[in-house]
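Below is one structure, written out as structure tokens; comments come after it.
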Amino acid sequence: MPLSLALLSIVGVLASALISFGTDRAPWLFRFVVLGLLAVSGLTATAAGVWVLLTNQNLAIELALGLPWLPWHLRLDALSGFFFAIVGLITFVTSLYAVNYSREFQNSPYSYSTLGVFTGLFIAGMLLVLLADDGYAFMVAWELMSLSSYFLVVYQHLNESNRRAGFLYLLMAHVGGLSILLSFGVMVGFGDGFSFAAMRQAALSPLWASIVFGLAFFGFGMKAGLVPIHAWLPEAHPVAPSHISALMSGVMLKVAIYGFIRVVFDLVGDLLWWWGLLILFVGAASALLGILYALMQNNSKRLLAYSSIENVGIIFTALGLAILFISTGHPVLGALGFLAALYHSLNHALFKSLLFLGAGAIAHSSHEYNLERMGGLIHKLPYTAVFFLIGCISIASLPPFNGFVSEWLIFQTALQTTALESGILRLIIPITAAVLALTGALAVACFVKLYGIAFLGLPRTRHVKHAREVGGSMLASQAILAVLCFLFGIFPALTLQTLAVIPEKILATPVGEFAASSWLWLTPISADVASYSPALLLLGIVVVGFLGWLLLRLKKPCVRRADTWDCGFGGGTARMQYTATSFAMPIRHILSPVWHSSETIDEQRDDLRPVSIKHELHIADRSWPVLYLPILHYVQWVARRIGVVQTGNIRVYLMYSFFTLLAILWIVT
Amino acid sequence: MNDLTWVLGLPLFGTLLLALLRNHRVAGWLNVIISAMTLLASFLLALTVLDQNRLFFFNNLFFLDAFNVYLTVLTAFVGTTTAVFSRPYMAHEVEIGRVGMRRMRIYHSMYQFFLFAMLLALTSNNLGLLWVAMEAATLATVLLVSLYRTPESIEAAWKYFILCGVGIAQALFGTVLLYFAAFHVIPVSHNALLWSELQQYAGQLNPTVTSLAFVFLLIGYGTKVGLAPLHNWLPDAHSEGPTPMSAVLSGLLLNVALYALIRVKIIVDGSLETNIAGYLMMFFGLLSFVMASFFLHSRRNIKRMFSYSSIEHMGLMTFGFGMGTPLAVFAALLHMTVHSLTKSAIFVTVGHACQIAGTQSIEHIRGLIKTQPSVGWGLLIGTAAIAGFPPFGVFTSEFLLLTATINTWPWLSVILLTSLAVAFAGLFRNIQPMVFGEQPAQQVAVQANMLPVVIHLLLVLSLGLVIPEFLANWFNQVTLLITGSGLL
Amino acid sequence: MDWLLALLQTALFVFGAPLLLGWIKRLKALSQNRQPAPVWQPYRDLRRLFHKEVVIAHHASWLFRITPYIVFGAVVLVASVVPLLVTSLPTAAIADVIVLVGFFALGRFFLALAGMDIGTAFGGMGASREMTIASMAEPAMLMAVFTLAMTASTTNLSTAMLTILHEGLVLRPSFIFAALGLMMVAVAETGRIPVDNPATHLELTMVHEAMILEYSGRYLALIEWAAQIKLMVYGVLVLNLFFPWGIATETTTNALLIGSVVILAKLMLLALILVVSETVVAKMRLFRIPQYLSFAFLLCLLGALSHVILEAGYII
Amino acid sequence: MLSHLSLYEQAIFVLAALLLYTCFSLLAHTRLLDLIRAFAWQGVLLAATCALVAWVLEQPHLYISAILTLSLKGFLIPFALHRLVIKLKLQHTVEKVSSPTTVLLSGVGLVIFSYYVALPIEQLSTEITRNVIAISLAMVLLGMLLLISRSQAVSQVVGFMAVENGLFFAAVVSTYGMPMVVELGVAFDVLVAMVLFGVFFFQIKDNLDSLDVDQMNRLSEVDE
């Protein structure tokens, strides 16, 4: 039954794609029928996923598609159900959002039909990836997802940046896909057949298992945007329409993580400890570098994209811990890390989508992505401001919201390092945790910058000053996500008890005390090791705040509005505010070698006073000069060299065939 | 009067008729109609062949089995759709005065003659006759390549003529050697060139002679398949001739040449105990594949670029057939089908694109989606299909080929994947700017018939989604024929 | 009963914090041989501030006005979690030390936003500097916590104290490092010299003050008060985590009495140390602070290291 | 040891030697008209061989191919080429072969190579066929050498035809010709090819006013 629901949702999504062919003539068709269908399918998918998760079923079906001897195997189990629910939920929210947002393209050179068709295919691809139960179906769905999202990235193809990003994105996706395909191929080589069941049976020697792991890690890591192969992500995600960015950053990355979990934890099975170490390093590096780069961005959506890299890094760190613990014989702790990863995936999907939708709302009302030109929006977009604030608190992993819970779980897992025998690991893991702590602190700084510059202070440009609050559907969608961020932060115990079935299924280990612990108390290992009760905390903070407020209310409040204190000079203007760049300046100076930055200040001064000061700052991603450009140049070089073969002189050509003939004759005799 | 007479007779009749007909518009229509009738006939033929699996005609001079009847249908089909495309295309060429009436007559009659030669080569049981047909096809296409009489087209035609002529001559030498080997073995000596006989007596042929023969045949037909380093004629011929010709060259001629090679390989494998033929084909296939994938970067002429992509895919097929495991052969057959469908569709769109922009140079074709969305999307989706993105059929065949490679030569699969990625990058970096972005001022939409593109791409798409049972069985029969062991 | 005790302890925190500050100021004045203000001066200041009228910039948003309550609430909650007199109170289980760090971060987050809300250069500057310092300090802090947690194998404060108490007086190199590191971090977090100077209003040097420059009246009172509580919380943390002896483990009257006396003594001592250090050390440039904090981090790292190598013993 | 062989075989050997000689003379001649003459002689010799085989071994159908060869390769094509050369005013052009001696020496090398290649073919026939195959292989390779070493379109055509002569020789002697269908087909193809070549000469002449194929280098991928 849940499976048929899931299939139904996919059919609905595809149907929406079909309908959109007609939307160029009838925009209302797009805004109401197509998006409505998408929203409904999203809800259906969520229902299917949650259902499977709660009842912990494992349903399979074979569609008569694909190859005659290899039909499409589809399966819906707890793991895929969980991610299915995430995808469905975000699909629902974003399509609700798009009802108002898509007006933006009403009178633009870009057609609704393109948007609708490829959005449908994109979502269908993601859902199918989650359902696929054999390598062939998986690859088809995976590449479908990549290809259709490429068309969404280049949707506004008149801007150079979109085209560049699109090409880079598709290239990276293709390379990653091929690597994943190869990893499947190896497993097929040792097992029989492409169905996941057969791959599970495949008996791999540690070497081959490591090769599979390496290929899968590269392929899925490419898609998830791990450092150093992340460079496509901050290019591609921001340039898509905002609700698509939300889908890509919030959901598609999760699909990549799902794939990684499926292949490494489920199909390969017996894990080696050094995999965990590798993932731990790469994950921590991604988290740290991701947030550091995010901190330097002044484009709201680029900033969010980089912070996606950070969060993916955090998730992979947790997975690395899980592998380490499992491979060293502590399945329960491993399961804890695993759960932390899952929970953070869920949370990231929620708040990252929320923030992207918020950024979209800002752009929708003020046509502005550049932080340096925003400011004071809290007065113009009051509701969006509240939701965005909630998003920022959550992503900065501050209590009592959801982001904090998953980070807390990861810390708790890391602190169980004493259980390990190897002293090296016992030392490395806390250091990684410290790196995570640094990441968290930087994240707070980063989102203070984002929110403070964008929403607070004085408006820095005219059109920002005249921005107006966005429409109902956009607000509603953000509200839903904000509320969810709050709820998942307040009732983590319930969620984790539900999720506990997944590691039980995948890793075949009962999960610590989640089953036992009550809804109020979150006690991952045991009550006297660590406990956390966000509900009570919330209660406390409300009570205290309220008491304080009451005490002050006892006597008549006398509040006077006055000008800002301007040190007696007068005339404080918006341009005197701290800018986004200056906000990040101290950190940029302290950690300067991280960025590939060039700063030029030229200052005209007559004898004493400066007349004009021109300041230029360019901050680039190091992965370009280090990784990408060399490969590009190499390929270019070969391509140019190989042209020599085609000299254009017929006698040379004849010589080729002549000598080839002689050579083969020589070989044959 | 059997179906084969129709299949061969119609194009021959068309050749003569169109050679005499003056009015090029009527000729265009007739071209379509005759090709369509040929297609119909080949369908009927296929139906008769598929139930009793091998047929002989004209005292064994011709024969049909699953392999060549499938290629016959494919040839007739692509021939027809291309004819549909060529009608408006050539009309436009006449309008802008690139070709005159006389040459239009040559064009149409040669088009039919080319089809005839292809079908003859496919259906003949006699290797000598096969050779003759191939040579005839070369001659016909030489005329088509030089149709525009520009210095470039003359040059291209000359190179094509000499290179393929010499190559095919070597193929003839190979045939002679084969004949010589069979001469003393096969009782009825004038049957000694019949493929069916040769296959029957393959075991008794002198291995030395057959291996020598195979070398020459490989060089000979390999030149026509476009295997590196014998491929040099291919980009020139593709880029300078009229686009419908490029479509049929890529879609059909290369296939037929490869078909001939495989026929020979079957016999040689029968006589040799080593798998030398297979290794040679694998080597040249891989070489062409890798080389072409790099060639796709930094090209100036769009048609040249796609001709390199043809080389790449022919290399892939040759590699697959060379590998010779049932899975590989099945994959290669599938790849043959989807490649010729996709590639001819691409050439159709490319032809229109060039007419829109009035040039073949890549950096002058821009913003097709704005000028003529149908062409732009056609080109983009066709490219995505040929680059091996699912859910298109090319992905399926490449996937199977990769699986076969991993099962037999695991380390080669790394090379394959790398050059697949390189090739993809090469294709898209050139295509994307042509399709997206702002359009140049002088660009205007042309009267285009996108029906062939739609049909082809839909077919490829459906092959990617599901391979119907009968087709699978059909391919399986062919696999059985080639490798001696089926897949299903 | 326990809940009542917890409430009482929290109240003690909240209302005792100004006293600690007063004591520190007095000591400082004495050390700089100035005429000291009475110890309860901070209470007077707070009272005055509460009665003053509030002046708010014209375009200050609602965020500016709720921030003080949030900051105060967060700090009070933290105070309610930290064992002052007695361990194993029910409140201690609500949050562990990581949550505690998180709550400080929450307060800081809102304070920084409030600073930017006005749209002056000062606010932004203060927020930026505060965030920079905090992001440097947090890893060090957590590293210290981890060292502790690895020893006591818990992040729950009262449990940790109990474990350390049970093990009795063990000389742990790791604790020496961790304690030093934590102290340095505490100095940075509470905005004392040499990281920040609570007594200055020079825009070149001020960090915390720059953020709250626009606050006045009762809002300022709340924020100041919160700062005082924070100071005390850190003090108590350092003391009770590393030198928990004397803290009441069961809720009998004399145990409580002993506990309160002991903690009072300890705090007075700590204040003395702080004052001495503040009088001998000078305020640092902003870009020297990272070195200071990385040194703190190094200490904490050494702590963890020595725990793994020397105490946990076996190493592969 | 030649004395063991029958008269017929000796005759075949003589003809083979002569054919080989004509190939070398093709390589040696740098004037087009001489080249064409030598080619004509080759055709005649081929026809003679054909007739001889037909007469000695009673292969009546070989008479037809003998006649075909004589008329096509012996007279028609050389004559046509001659006419063309005159028409295109090429009779006085002397081709510049980079180093004629190297070409000839490599030709000798090719002959040896082809013997080496044909060596393993012993059983299933007398060594006469083996030698014949060696010779014809040599002729094919020499023809290609001619194609490579000459830059004149005309001499390339001659080289092309020489290649065909070589394999025709093999066909005639070792297998008494091919089945009739093939014979006719081949002849037809050669004829058409010749006609096309004729057409092309004029077009090339028009387009790049000389028949030097080295000047055909518009279509290349170099310097991209």
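Here the chain labels run A, B, C and D in written order, and each chain numbers its own residues starting at 1.
The rule we apply is simple: a residue touches a chain if its C-beta (ideal position, glycine included) is under 8 Å from a C-beta of that chain, and two chains touch if they have at least 3 such contacts.
All figures in this text were calculated on a predicted structure; none of them were measured in a lab.
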Worksheet item: Among the other chains, which touch chain A and chain C together?
Response: none
Worksheet, complete the sentence: Of A-D and A-B, the pair joined by more C-beta contact pairs is A-B
Fill in: Chain separated most widely from chain A, comparing mean CA positions
D
Worksheet entry | chain C-chain D separation of Cα centroids, rounded to whole Å | 101
Worksheet entry | Distance from the mean Cα position of chain D to that of chain A, given in whole angstrom | 70
Discussion item. Centroid of chain B to centroid of chain C, CA atoms only: how many Å?
Written reply: 79
Practice prompt. List the centre-to-centre spacing of chain A and chain B in whole Å, with centres computed as mean CA coordinates.
Written response: 45
Worksheet, complete the sentence: chain A residues touching 2+ other chains are 640, 643, 645-646, 650, 654, 657, 661, 665, 669
Discussion item. Touching at least two other chains at once: which residues of chain D meet that condition?
Written reply: 117, 120, 144, 147, 213, 216, 218-219, 221, 224
Response to the item:
Touching pairs of chains in this structure are A-B, A-C, A-D, B-D
Fill in: Complex contact set, residues of chain A against chain D
640, 643-651, 654-655, 657-658, 661-662, 665, 669
Worksheet, complete the sentence: The answer for chain A against chain C in the complex is residues 375-376, 378-379, 389, 393, 396-399, 404, 408, 411-412, 414-415, 417-418, 421-424, 426-427, 430-431, 433-435, 437-438, 440-442, 444-445, 448-449, 451-453, 456-458, 521, 527-533, 536-537, 540-542, 544-545, 548-549, 552, 555, 557-566, 572, 574, 576-579, 582-587, 589-590
Worksheet item: Within the complex, which stretch of chain B touches chain D?
Response: 61, 126, 128-129, 131-132, 135-136, 139, 142-143, 146, 149, 151-152, 154-159, 161-162, 165-166, 169-170, 172-173, 176-177, 179-180, 183-184, 190, 192-193, 206, 208-209, 212, 235-236, 239-240, 295, 298-300, 304
Fill in: Touching residues (chain side chain D, partner chain B) in the complex
117, 120-121, 123-125, 129, 133, 136-137, 140, 144, 147, 153, 156, 160, 163-164, 166-167, 170-171, 174-175, 178-179, 181-182, 185-186, 188-189, 192-193, 196-197, 200, 203-204, 207-208, 213, 216, 218-219, 221, 224
Worksheet item: Inside the complex, what are the residues of chain D that reach chain A?
Response: 113, 116-117, 119-120, 141, 144-145, 147-148, 151, 213-214, 216-224
